[in-house]
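Two complexes are shown next, each including chain A; its partner changes from chain B in the first to chain C in the second.
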Partner chain A sequence: MNAYISVWKLRFLSGLQYRAAALAGLATQLFFGLIFIMVYVAFYQHSTAEPQMTLSQLATYIWLQQIFLSFVMLWFRDNEIFQLITSGNIAYELCRPCGIYSFWYAKLLAQRLSSAILRCLPILLIAFLLPIPYNLSLPPSASSFIPFVLTLLIGLALNVAISMFIYISVFWTMSPVGSTLVIAVTGEFLSGMIIPIPLMSAWLQHFTYVLPFRWTADFPFRVYSGQIPPAEALQGMIIQLLWLAVLIIVGRWCIKRALRQVVVQGG
Partner chain B sequence: MIKLHGINKSFKVARRTAGIGQAVKALFAREHTIVEALHNISFDISPGEIVGYIGPNGAGKSTTIKVMSGILVPDSGSCRILGYTPWQDRTEYVRNIGVVFGQRTQLWWDVPVIDSFGLLRDIYNIPPVVYRENLALLTESLALGDILQTPVRQLSLGQRMRCEIAASLLHNPKILFLDEPTIGLDASSKIAVRQFIKTINKERGVTVILTTHDMNDIEALADRILMIGKGTLLYDGSLAHLRSRFGSNRIITLDYREHAKPIEIEGTNCLSWSPERAVYSVDIDTVPVASIIAKLSEQIELLDIGIETTPMEELILELYKEHQI
Partner chain C sequence: MYLYLKYVAILFKSQTQYRLSFWLLAIGQALTPLTVFAGLYFMFAQFGQVKGWSFYEAALCYAIVGLSFALAETFARGFDMFSTLVASGDFDRLLVRPRSTVLQVLGSRFEFARLGRMLQSLIILLWSLNKLPLTLTAPKLLTLILMIVCGTLIFAGIFIATASFSFWTIQGLEVANVFTDGGREMAKYPLSIYEKWVAVFFTYIIPLGCVNYLPLLYILGRTDGHEILYMLSPLAGIVFIIPCLLLWKIGVRHYCSTGS
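What follows is the complex of A and B.
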């Protein structure tokens, strides 16, 4: 266990080194948050139907996406692991007395956390201070805030488990570009990062509900705004945990197969 | 302690000849050849040995090391090391071994070396006392004092390699696999590394298996040589035995006061001659060195004599030739 905490710590600390990246990310995320909300403001003004979400709920949803971007983004990746696989340095990882899956999991988790910590507070603060309707609003009650934190954290764990498949796929493809693109684009769409899931058409919503992706982002964000009441959140949490278990078990199985046929060429 | 029996491993390699036509063809039907990297490799190594594992490029040295360290799974054959089968009991087994791949790095690129060591301490669960002791020993004998605080990316190759070796020894491994550990090192670092390998072998009884292309490494360290070529084990024996097979030849270089004509000595072969210097090759089993010198000094005024054994490099070359690899 010690090893996983240690790699987590090391990765976390080295992640904190990248201040310029955090600053640039901060600016980008503020920009995108504002643009998205502006687009929706325009849509809402001219819409004839009654939308599933109020404008303030929507602004909150989008700000949460931006604040916890590094928790929910699937394209967020660790190039070191890709290099490890393609260059053959994985030889060293295999000489360590610990499971590769858990080791990488800890590393990826740390990376997302360190990246989020550097940028979430400033965006949070700015988003709160913006004028209506662009602002991030408080959750309706404390009873929806606590489930939000829990579901967000499980969502993070779930997201790392999903992203693990990108890394595992590189054992076969030898290039991260394809799988990152495919998994990231579909995953992000299906987790409501492009169009919030409540605004999708009904059949598409049903489709997203049976996949794991929405449980990483859409679900916790709607728990925050109270659209999903705490009781229902609890049920959702169980589904989240089930998904997490399934993905980890399948991921472990895949990595075991990948390692059995690993070829470390040259030297 | 280490027992390999009938290990086979082959790789599938895609190949095509140059040119656009061939490239397009390869889109539809790709040609593969099966490269037999290891063919029926068997050997035993007992505790405390230092074994030099040699062979030309692409012979299968690294593949064997990778099989023995649990990274690759062979196609067939059995391998028992310390009672484990490396690729089956990987996590349990690797606690007991240290591995250095000269061409790869195990240190974290962006952080100081000492942080990587700290991570290894936690990964291997090294007790604090042992860790401190080992770190002190390694720092002293590999001269790491000044570089432990430096980020790895700013180290030179030689400095990094010394750190890599240290990193593989922090957890007191019983077996150390070194895959080209002296690659790119300068003379003084090489000597320091060799000295260190000898020390841990003597004092801690660490079994060392080392691959290298630098025959001086082999000469300085290995008691026993395993030679592999085209995936097959070709020679397993001591260095002295190898020497005696090829080694009764000596090269004698003579410097003398000017002398007009070459001197013929029975049983020798004059390789080069000038009025002040001559080089002879001689088989000392048939003509003793003493008699040659005696004969020479009757005729000329000798200034300097050098006697060399056939260099290790040439011995190995002979051996490669003999096996046509």
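What follows is the complex of A and C.
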């Protein structure tokens, strides 16, 4: 366990080094957040239909997406791992006295956390100070804030478990391009990153509910704004944990099979 | 020009060497913006219209921006990746050759796999034109082509300007994403739905609105007089790329080599 913690710590600290990149990312995210909300404001203005979420809930949803972008996006990838597999350096990784799944898991988790910590506070602050309807609103009560934190953290763990499959698939395909595209692009759509899930058609909503993706992003964000009451959030948390367990077990099984037939590339 | 075509031909041959990987990449590239388009579709399915714009009109807007962005990415990719040339010191090699640096950087990289993206935008373009109740007269068609070409010029201009800044610093250049990716995201909806300051910025400073929104009004027959002005507004793209090229010239003069 100690080894995993120190891998985690090292990654975390090295992630904090890239401050200029974080600043640039910050500006980009603020701009994107504003533009997205502006589009929704325009849509809501002359809307005759009654959408499932109010505009202030929607703005909050968008800002939370931007603030915790590195928690929820699947695009976040570690090229080092891809190179390990394709260049044959995986052999070194196998010599280490620790499980490869947990090792990579800790690494990926740390990257996401450090990137979020650099970015989240400034965006949080600015988003709170923006004028209505662009601002991030407070959660309606403390009783929805605590479940939000919990669900967000489980969501993060779940997201890392999903992204592990992208890395595992490279053992077979040898090129990360195809699998990242398929898993990341569809996953991002189904977790409500392109348009919020409550604004999708009913049939599509049902479809997203049976897949694990929405539990990483859409669910905690709606717990925050109180659309999902705390009691329901508890039930959701159990489903999240179930998904997490299933994905980790399947992931470990896949990596075991991959390693049994691994070909060390290169000479 | 001859040299440029030669560059293109060589890169095309080298990229199609790995045939399967090339096609997979092209298909994948086409899929990415497809989910964005699906997002657009579901928004209109939910709300019906946005400030008087229908789904097909917005789709036309989206397709034109998508097409010009994909074209710019294919042909000006060398500028997009330019900071790596400066960081490694490889730019020196380009300087000693007796040809213009712009030409050489343009020729240093092409991504033909972006063809997938182009194709996707093209299909949406034709589809939305087909569904919209308008007849495509010769001047309208001409305007449409002008929009795409000048849109490409604007995105290429942003790439060149960003690349020029890498002569001074190669840190934090990701800010340019606000103008490239952000501009693309923004311009996929008609400019009139945004707040005033966004519209002003993207009309007068980065004239994406001039190549997209204003001529679109003319094509859809929404103008009141001054049609010729709306038709010719894409030419702002040409005006935009001139200072970008100037900035490049200044940057090249400032260049100090790195590396060993």
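FYI, the second predicted complex is superposed on the first by the 267 of 267 C-alpha atoms of A that agree within 3 Å, B and C clash if a C-alpha of one lies under 4 Å from a C-alpha of the other, contacts with A are read in each partner's own complex, and residues count from 1 in each chain.
The working rule: a residue touches a chain if its C-beta (ideal position, glycine included) is under 8 Å from a C-beta of that chain, and two chains touch if they have at least 3 such contacts.
This structure is a prediction, so every number in the text was calculated from the model and none was measured.
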Superposition on chain A - do chain B and chain C clash or fit:
fit
Expressed to the nearest 10°, the angle that the Cα centres of chain B and chain C make at the Cα centre of chain A is 90
Which partner chains sit in contact with A:32 here, chain B, chain C, both or neither? Use first/second/both/neither.
second
Applying the document's definition of touch, where does A:189 land relative to chain B and chain C: first, second, both, or neither?
second
Please work out whether A:98 is in contact with chain B alone, chain C alone, both, or neither, and reply first, second, both or neither.
first
Touch test for A:122: chain B only (first), chain C only (second), both, or neither?
neither
First (chain B), second (chain C), both or neither: which does A:42 touch?
second
Please work out whether A:133 is in contact with chain B alone, chain C alone, both, or neither, and reply first, second, both or neither.
neither
Just to confirm the value: shortest Cα separation between chain B and chain C in the superposed three-chain model, in whole Å.
7
Indicate the residue numbers of chain A shared between its chain B interface and its chain C interface, in ascending order.
none
Flag every residue of chain A that touches chain B in the complex, lowest number first.
2-3, 5-7, 10, 13-14, 17, 80, 87-89, 91-92, 94-99, 260-267
Spell out the residues on chain A that touch chain C in their complex, using ranges where they run on.
20-21, 23-25, 27-28, 31-32, 35, 38-39, 42-49, 51, 175, 177-178, 181-182, 185-186, 188-189, 194-195, 199-201, 204
Listed in rising order, chain B residues that touch chain A in their complex are 11, 62, 66, 69-73, 90-92, 94-95, 97, 99, 101-106, 108-111, 115, 118-119, 121-125, 179-180
Chain C residues within the chain A interface of the complex:
21, 24-25, 28, 31-32, 35-36, 38-39, 42-43, 45-52, 171-175, 177-178, 181-182, 185-186, 189, 193-195, 198
